[in-house]
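Pasting a structure here, questions to come.
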Amino acid sequence: MNPRPQPLGRAGAKAACTIACGPIILVCVLGFLFGGCGVGTSDRGPIRFWNGFTGPDGRTMLRLVKRFNCSNTGPRVLMQRMDWGTYYNKLMVAGIGGRAPDVFVVHVDVLQRFMRTSFVRPMDDLFTKANGLDPADFDPNVRRAVTRHGRPYGVPLDVHILGMYYNVRLFRDAGIVDAAGRPRPPTNREEFLAAARRLTRDTDGDGRIDQWGFVFTWFRTNVYAVMAQFGGKFFSADGRRCLIAGPQNVAALQFCADLIHKYRVAPSPQNFDSWIGFRQGRVGMAFEGVYMLGSLEKQTDLDYAGAPLPVLGGEPASWAGSHVLCLRADLRGERLKTAWRLVRFLSDNSLDWAAGGQIPVRRSLRNTARFRSMRVQAQFARQLPNIRYGPAVPFIFEFYSEFDTAVDKALRGTASPAQALREAAERIDRIIEREQALAEQAPAGRSQ
Amino acid sequence: MGESTHFHRRASGYLFLLPYVVLFVLFLALPLAYGLGLSLFRWELVSPAPARFIGAGNYREALGDPYFWKALWATFRFVLLQVPITIVFALFTAVALDAVSARRQAFYRAACFLPGMISISVAGIVWRWFFNNEFGLFNAWLGAVGVKVPWISDPRLAMKSLAMMTLWWSFGGPTVIFLAGLKEIPRQLHDAAAIDGAGPVQRFRYITLPLLRPVFLFVVVMSTIGGFQMFGQAFMITRGGPEFSTRVLVQYIYETAFTHYRMGYGAAMSWMLFVVIAVFSLVQFRLIRERRRHEI
Amino acid sequence: MKSDPDRIPGGRAAAERTADTCALPGSRGRRIAAEAFLLFATLLALFPVVLIFLEAFKPDAEIVHFRGILPHRWTLENFLEVLGSPEEVPILRWFANSVFISSMVTLLVLVVDSLAAFALARLNLPGRRWMFAAIVATMMVPGQVLLVPVYLILNRLGWIDTPLALIVPAGAGAFGVFLLHQFFQSIPRELEDAAAIDGCSTLGIYWHVVLPLARPALATLGVFTFIGSWNAFLGPLVFMDSVDKYTLPVGVALFQTSYYAEYGYTLAASVICTLPVLVVFVLFSRQIIRGISLTGLKG
């Protein structure tokens, strides 16, 4: 420093120092106040319950957790939620960082991926009748989906099935009604096509169609369900070959593309966002998950109803997903007990959960008058014996990425269904090879 | 000044740097090095296989991965579409702002800057609805004149729509910087040129543009870097579709690392993107410097 | 005209820039053209924003149909719902978090970056060239790709789920150093030499000479940093575990599910999220102008 600074300079320097240090000190102090927790999660503190329930679902779940906390004597449960899309990324990053939550929700088709990490707890010792949850009360196809090497890795909370929503007023206007004048949702391909044709109209006479019989909303679930109805398979029994380009799948995808380009009863596809068309009352039929009920609740001017998907292929089938409750692997003692109590509580009260747009996975709960009075849920639940989950492969997101692209191309007409699916199958086969090579490097006992 | 004061001066100089350097090392250099190391390994988060050193294997994989090339091409397309229109629009806006009275200037500038303050999560939701083919706002209006534009459902158009949205969202920043640059230009130069009979276009060409060059360079480079890093718009509005036409490299990296959990491969592609941006920025610096040397 | 502080032009050209815009020949036509262009640009810029503000006053059912810009039935129910259940939607808490974190980030960036830029631009430190080059090079790194390493470092520090995780790493950004470095370089060295001859220390020069001159740059950087931090999405999402520690953008995203958006709530929350920044910006934009008008006249 200059040996003889001006008084003013020195004062300024001091001020600068203070200004420079002030926020840093403040930040540190506040850090202590706000934070104070060390690396990883402690054995104290609340039970951390993470899920991807945003929107009304999140608020319903929050109320359930609140009720649990009122009756619970152990550690408090603290629920954190974020949108599914980012939830999985975050869950995985937290998992590697040793900060996995104590209880967390995972979709059944993603569970295959998470079962292979070290932070999901197998539940064969907990998930028993003696511990308050009778596995026999759960549908076997659902139970199978959460099992790996004979051990369940989670408790399914619900099953959200794809079903058909239809606009009651449009059906009446188009005369698609039974003898009593009640709208008659189609149950097979001929009825479906006939209904879709009658519902597709130019209402204001400007030469442009502004009311559609059908709309593809989420391509993935819509086409997946139709493929399942056509009897399509996705992987060979040993999991080493992708069969997505099989003739049934090609035929199913062709039928879907035909709805847009040949029969002209569906508008150009735009994925999720087309749902808004159904809410606007400009679409007669749409295949969507039971979870979409939440978005219709506020659509006070829409008269809608639910029905099982019509059988467009050879056999009844529908896409479904389930939210699965999982536990962190290293839970012990009182915390494990509380976490399990929470899992049981949520399962026992899954009718409250279902009210917002879900179907309880437990038979005993579905056989109640209360569930039967949930009109859309009860209709969609009729499809339960024929549901198809997403394929149980560990590279599920990469599979969906290829599947979605192939469907996208075929529905837009930029590639023929056969070509689009063949390209996807080739890419998926390469992913399988890569995974296989990795599995062979894996230490014994944890191989796939 | 003696030897020791000189030393003191120097030491205190490094003290000035210290706070930033600590943060820089901890939260930029270290993570970057970590990423570089990661890129040489095959590491899949959920796989039971341990991370394995594979040298340039991930880089080789990228070169043979059609999705990588598609994403890189999408990134370039976005930069080439968005950067020029944003810069030109921002420059015109700044020049116009410079010509109006101060009170109006404050209002207009705030108005232009406003969209940038809207969080991308909000802006994304709204624009997705604007762009919706069948049920969206734009086509509802265009429908009145019998036109229907497949804004984000046509692979050839989707990126242009994103560039349009980005223009709206981000032209305020460059505008403010250009305006600050314009205010630096001595009025006398304009006056003198005007007296010599130079029209507004000539004055713009021969006074404003050359003197604005440092600011211009800054804005071009920053916009280009920002363009290469575009993520939120595509992620919120098109999710990379249709048919991956708007899946830019950052999104592909994000998906590879966080959705497919292929950390090593994601890190390798990050470094390749980094090199691409670095090369591009260097070329821009050079080009603009060259031209400056020629003209002055 | 000179009495209006906003009219006093700034920068190094201040002394020369005395003539008013009106004095330029042919300026009337130019002004009209400029106004017309600005009106057009402003309309483009504001339309979506205005739409967000208006739509927030519509009931959900009406938003979906969009039968006109103005609500047929004005309603506050979206706002009441969003503000009315602090336990489920702690939006005021998110707001406070955002204010606190963005202010702290801005302060940190201004202090740390101006010190570093000063050292790099004005002190003849050996190695400053390559240091500057290294710092600037990192501007090209997309933040998304650093997410995992930064998460692991923050976790090691025990900062995950604390505001520190959002504040401190933000200080490492190279943009501010670059911006201020360029600005500091444009300050004439004579001013500094004069101050040094007057016996000013290095810190004194930084504080008394460089910082006041750099006020417009600091203001610009401050505003950019504040807004960037206010709207940051990925960082808060990944580094914060607790809903009551979220910032506004992340909180607002809770109204959007993967499948559909609760438009009314989302829009109302967006308005609440945007309005304060708008106010701050309008206030601050005056500040920038004043900063510019004061700069340089002190030397």
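Residue numbering begins at 1 within each chain, and the chains themselves are lettered A, B and C in the order written.
Going forward, contacts are C-beta pairs under 8 Å (C-beta built on N, C-alpha and C of every residue); 3 or more make two chains touch, one makes a residue touch a chain.
Predicted model only: the values in this text are computed from it and were never measured.
Colleague: Does A-B or B-C have the larger number of C-beta pairs in contact?
Modeller: Of the two interfaces, A-B and B-C, more C-beta pairs touch across B-C.
Colleague: Suppose chain centres are the mean of their C-alpha atoms. Which chain sits farthest from chain B?
Modeller: A
Colleague: What is the distance in Å between the mean C-alpha positions of chain A and chain C?
Modeller: Computed from C-alpha means, the inter-chain centre distance equals 36 Å.
Colleague: Taking each chain's centre as the mean position of its Cα atoms, how many Å separate chain A from chain B?
Modeller: For chain A versus chain B, the centre distance works out to 33 Å.
Colleague: Centre to centre, by mean C-alpha position, how many angstrom separate chain B and chain C?
Modeller: Distance between chain centres, rounded to whole Å: 16 Å.
Colleague: Give the residues of chain A that touch two or more other chains, as numbers and ranges in rising order.
Modeller: Touching at least two other chains: 1-2, 20, 24, 89, 93, 96, 276, 280.
Colleague: Residues touching two or more other chains, restricted to chain C: which are they?
Modeller: Answer for chain C, listing residues that touch two or more other chains: 111, 115, 147-148, 152, 168, 202-203, 206, 250, 253, 256, 261.
Colleague: Using the touch definition from the top, which residues of chain B touch two or more other chains?
Modeller: Residues 9, 12, 19, 258 of chain B each touch two or more of the other chains.
Colleague: What residues of chain B sit close enough to touch chain C in their complex?
Modeller: 9-10, 12-14, 16-17, 19-21, 23-24, 26-32, 34-35, 38, 89, 92-93, 95-97, 99-104, 106, 108-123, 125-127, 130, 137, 140, 168, 171-173, 176-177, 180, 183-188, 190-191, 194, 199-200, 214, 218, 222, 225, 228-229, 231-232, 250, 253-254, 257-258, 263, 266-267, 270, 273-274, 277-278, 281
Colleague: For the complex, which residues does chain C have touching chain B?
Modeller: Result: residues 4, 6-7, 9-13, 16-19, 21, 23-27, 30-31, 33-35, 37-38, 41-42, 44-46, 48-49, 51-52, 66, 111-113, 115-116, 118-120, 123, 125-126, 131, 134-135, 137-150, 152-153, 168-169, 171-172, 174-175, 177, 179, 182, 202-203, 206, 216, 220, 224, 227, 230-231, 233, 248-250, 252-253, 256, 261, 263, 266, 270, 273-274, 277-278, 281-282, 285-286, 289, 292 of chain C touch chain B.
Colleague: Going by the contact rule at the top, pick out the chain A residues touching chain C in the complex.
Modeller: 1-2, 4-6, 8-10, 12-13, 15-17, 19-20, 23-24, 26-27, 30-31, 34-40, 48, 50, 52, 54-59, 62-63, 66, 78-86, 89-90, 93-94, 96-99, 101, 218, 272, 275-276, 279-280, 289, 291-292, 294-295, 298-302
Colleague: So in the complex, the part of chain A that touches chain B is made up of which residues?
Modeller: 1-3, 20, 24, 88-89, 92-93, 96, 113-114, 116-117, 206, 208, 212, 215, 267-271, 273-274, 276-277, 280, 282, 394-395, 397-398, 401, 404-405, 408-409, 412, 414, 435, 438-439, 441-443, 446-448
Colleague: With touch defined as at the start, can you tell me which chain C residues reach chain A in the complex?
Modeller: It is residues 59-61, 64-65, 85, 87-89, 104, 107-108, 111, 115, 147-148, 151-152, 155-156, 158-164, 167-168, 196, 198-204, 206-208, 237-238, 241-243, 245, 250, 253-262, 264 of chain C that touch chain A.
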